[in-house]
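This report refers to the structure that appears directly beneath it.
Naming follows writing order (A, B and C), and every chain is counted from residue 1.
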Amino acid sequence: MRLLEFDYFEPRNLEDAVTKVREFDGNYQIIAGGTDLLTALKQRLSAPAGLVSLDHISSLKDIWEEDDVITIGAMCTLEDVLSSSLIAEKLPALNQAAWDVGSPLLRPLATIGGNICLNTRCRFYNQSSFWRSSRDTCYKAGGNICHVTNKRDSCVATFSADIPPVLIAHGARVRLAGPKGVRTLPLEQFYTADGRFPHVIMAGSGEILQEIEVPLPAPQVSCVYHKFRMRESIDFPVLGVAVMLKLGEKKSGKYCEDACLVITGAEPAPVEAVQAREELLHRRLEPGLLARVAEIAASEIHPIKTSLISPRYKREIAKIIVTDALKKAGGIEE
Amino acid sequence: MEKTIRLTVNGEEKTLKIGVQQTLLEVLREDLGLTGTKKGCNQGECGACTVLLDGKPVSSCLLLAVKADGKTVLTIEGLAQAGELHPMQQAFNEKGAIQCGFCSPGMILVAKSLLERNPNPSTQEIKEAIAGNICRCTGYLQIIEAIRSFVS
Amino acid sequence: MNDYNYIGKEIPRVDGPAKATGQAVYTVDVKLPEMLYGKILRSPHPHARLLKVDTSAAEQLPGVEAVITGEDLQEVRYAFVDTPRYPADEQPLATEKVRYIGDEVAAVAAESEAIAEKALSLIKVEYEILPAVFDPEKAMQEGAPVIHGEQSASTSFWEDWGVAQQKKTVQEDPSINNLSGHTFVSFGDVEQAFQEADYSREDRFELKPTAHCQMEPHAAVASYNPLEDKLHVWLSTQGIFLKRLFLSKTLGLPASKIRVHHSFVGGAFGGKIDLFPYEFCAAYLSIKTRRPVKIELDREEVFMTTRQRHPIIVKIKTGVKKDGTILAQDIRVIADNGGYRGSGPVVIFLCHGFSFPVYNVPNYRYEGFSIYTNNGIRGPQRGHGAPQIRFAIDSHLDLIARDLDLDLLTIMHKNVRQEGDVLPNGDRLDSCGLTECLMGAAGAIDWQKKREQSHLQANGNRYRRGVGISLCSMFSGAMYYPFASAAVVKMHDDGSATLFTGAQDIGQGSYTTMSQVLAEELGIGIEDICVVAGDTELCPIDLGSFLSCTALVTGNAVKKAAADAKRQMLESAADLLGLADPAGLKTQNKMIYLEDDPQKSVSFAQAIQASVLKRDGNPIIGRGSFKGYPRTERYPSLAKAKGLFTGAYGFAAQAAEVEVDTLTGLVRLVKAVTFHDCGFPLNKTVVEGQIHGCVSMGAGQALSEEVHLEKGQLFNPSFLHYQLPIALDTPESAEGLVATIEPSGPFGAKEVGEGCVAGILGAIANAVHDAIGVRIYSLPITPEKVLRALKKI
């Protein structure tokens, strides 16, 4: 499959990019690394009149620390993230998550912004136009049936990017530049939980993700990302979990002062396991607690069969990776 | 829409008029006739189309050629110098790492770039480096052997 | 006997440099001046009547040079199997019905791929959707949708070539619906033997369809030259003469008017044998437009429409004595061959063919059914039936061993066939290293110790280990078109040589091993040899690179051709040296010398020059040929499995150690062991490479590979979702080459590179049982199945 023709723009600054986007009135796509976009365009999942490339906006390619915030430009490639000593030192879980994305041949191209803005995925959707022509057009593709749920007007396609859970767990905010100016949002609010338009940009805000601001974690914070997939490269996560623990030390041992658990690969948006967090808070980390927390976290996701993996299996995997991640974040030996 | 880009391919600087919808893979294979770079899936899943872009291995089927403007590309054709196989090509051939040969250009380029970054990779690091390049023929063992032959 | 100069040596591949530098030209790389690009319109429906195909809008599109539909090709039929019993049932483009998703409906040739794609979207097709059936057991039942009903007249290619003429099409059991093939074999008294058995058990195994995943997608370039009235084609294929036959029959052109040119093949594994509609269409469109036409399939099309391994259901019952001696076996196999017959009748025949050479089963009944469904077409894939049947039999034997508290090794040793055995069909095992392979593999995996350890593992361990073992067998060539391979060795006047062989190097290394055979026999160096191969015009006939015939059949042809050239040179040398006859002459390093008096010598160059000048201008051309199976002139009967099958069986024992994560269900292959009786390894590096490839593919098919189908729709037509092994899945590996020296093989060689995909399945399945104490009866053994077996989900 070749790409259909389109116009191509390479604005030199964000304002021009935002203007270009507005001119297209919806019939455009932003291209960052293009590793996801090109696969979708080849499958004719969309046929935009124009692509707006962010390649030449140099301000989007930096990583820096200032006032206890680490800022990462949206156009930093995953290679950039991996080779940043700042991130390796201060945000090791982000380094891990970047390493876990796709294969080594994609990471020099793929950007962190593209990962955050990644579209949701579904076994009925991420297929060629010929493939999809065997069935009625599904809701996400513009029709009025969902082949997963049989409902007319909802989409449960799954959000499967590896990087957002870690960022959410760290309390990151995203800076968006749009027609109405610049705003920042907590990353979790960027996502809509609607499989069809999974985030505010896809929902039509006309914005561009400019950068990600991650508060410098406190010294007692430990964060890990644990990805489960069948093959240790290429594959998207079956499920991935980021666990952030802020640990306190009491006479009886380590206890949890604060926590955040975020799961990808389960629903149309990253899922924060809030009840699991509740269960953890102020408790001593001991095996019984971890098992309970994992059970709760697993019950907080509602996977549905959008991939070749069964929801039952995903639930079971949730328990295991949450337990493993908690142990690692809590520094508990097997 | 057409665009003119400048590309250094295998040491030669080229000015090319391309369609913006062309991938680097298409430009290399079709416009420049460099068919050593292979297309196995066209979707970023197999590594047959690997080239070194500013020294880093990437899937050229997922890269718009316009995005390579101003960059340096090394394809498999640029590796052997003056009729002499590059040592990595030599090692692949001697260790039996080439069967049908379709994955070989990509594998060899990845291997070369790995050793430039990390002259002493462990077996695990070798496997990780070639984890995006699928080979159906060899079961990878002789490929790993060939790369390991450079490790002291 | 082993003091060879080239045979058995680790000679680097002769085609290695071309492949390592990107110079090797594959079919996908062929580009001709004025070339058009073809694309194929396919059915999105699994079963439908074609009411109308309207191509008018497509024809109007600027840049479109030709559009064809089934209307243009009413009479054209072909098939992998094309006999009076099984008449050809495929058409390049559908006429009345489409029978699976991807079935070809129309084809276009245009100035660019983009225009061709656009043209496809302008073709309007009206379908009447028909009820479809996807489960072979349901398709067999009364009342199931009938997929083929009427059979049209056959072209019966094979009748010209020794298949008995038969008048009628046999459908032996009218109560079985959608039957596309049937094999029945029986010997001994099965009922009686089951009565006498101390113990018997019955099991059912199932295997899902798998994909070949050759890294080079299928492609064809055709260029018809009206001045010569000749069609030139470049095909990604493993058998150029079979393809030429197919093209000549379907296009109605004499063989002399079709030339298949050489191109490198980026992997085949059995999936590039059949004639495919895209190949026919490229040729037809080129004839029609008088311009070269290239059709290259997308990866998705390759997955959907270029054959898969047959999903198979095996029911097997075995009766044994207390000590594990097998008395009787009753096997029933159902293969789903999809919308067309494909190789259905062959795979059910081969499941028998790869079952009975391994164990001596005195009372045996085998019945196989191949069934039409509305799934994609199935065809040969590495091992072709062997993986399925070997997995079932050896999993079943492991269960029997467990029931009887016997060691599986004991049962295997008790029952394996030995050198000198004559199989019930008359095939002789002139070489058979099963016992040695079994001992070798068990030793290398540390069987006794590991099996004891797996019993002692604590139940609560998250990671559990186990070991398993299985055996396999494979033909070394057989009788099918063109029934023989031949080779020509042309000597140059400096003593170097060019080898002409029809065999295609599909990655298995045949250019290298054939060069070794030639070098050894003739007494020249590898660097003195040029190989011209894979071209129907330049090369003599060849069986093709499938059914593992290259080493034995082509190898013998090359050896004989080399011997013929050598004989002529020695005669000339004898003249030069004034000897009465060449009896005492030897060759080495392009020199001919008298064995008793090495001073008396002439160079090859001198002998050749003398031959030209003094022996009627003879420049010395050696020729040799070898039949697919010297002892017969016929195909075996697919239905009754009568007749001789193959001249030599390759054997292997394969063992696996796995580690199961009992929480996630993931199974990791820790170590794979293969002890292979390949007669004699012509090139150790090549043989080991073949084994590694087989093990990797087998491990993938045992643990993760599956073509996911729902209602005939293929859900994972990509390397992202079709989970074939990546480098990180590579196990530790050990190989042993058991040299049994096959008397009929060149330098003792026989099959390598195919059978070893089969034993690894049973080895892994048995190892998983050993690790977790539960049997999984269907492949692949996915993590979900493991957790279900452990009752965790």
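Everything below uses one rule, namely that a contact is a pair of C-beta atoms (placed from the backbone, for glycine too) under 8 Å apart; a residue touches a chain by one contact, two chains touch by 3 or more.
For clarity, every value in this text was computed on a predicted model and none was experimentally measured.
Chain contacts in this assembly form a complete graph, since each chain touches every other chain. Looking at B-C and A-B side by side, the one with more C-beta contacts is B-C. With centres taken as mean CA coordinates, the chain nearest to the overall protein centre is C. Once the centre of each chain is set as its mean CA position, chain A and chain C turn out to be 44 Å apart.
Between the Cα centres of chain A and chain B there is a gap of 29 Å.
Residue positions of chain A touching 2 or more other chains: 1-2, 4, 232-234.
With touch defined as above, residues shared between interfaces to two or more other chains in chain C number as follows: 298, 719-720, 725-728.
Counting only residues that touch two or more partner chains, chain B has 42-43, 45, 128, 131-133.
Residues of chain C that touch chain A in their complex: 42, 44-45, 101, 113-114, 117, 298, 300, 663-666, 704, 708, 713, 715-717, 719-721, 723, 725-729, 783-784, 787, 792-793. For chain A in complex with chain B, the touching residues are 1-8, 10, 31, 34-35, 38-39, 42, 51, 53, 55, 79, 102-106, 108-109, 232-234. On the chain C side of its complex with chain B, the touching residues are 10, 12-13, 15-26, 28-29, 31, 212-217, 264-269, 298-299, 506-509, 685-686, 688-689, 692-697, 718-720, 724-728, 730, 733. Residue ranges on chain B touching chain C, taken from their complex, read 29-30, 33-43, 45-46, 48, 75-77, 79-80, 85, 89-90, 92-96, 98-105, 108, 126-128, 130-144. Within the complex, the chain B residues that touch chain A are 1, 3, 19-23, 26, 42-45, 47, 50, 53, 56-59, 61-64, 66-67, 110, 128-129, 131-133.
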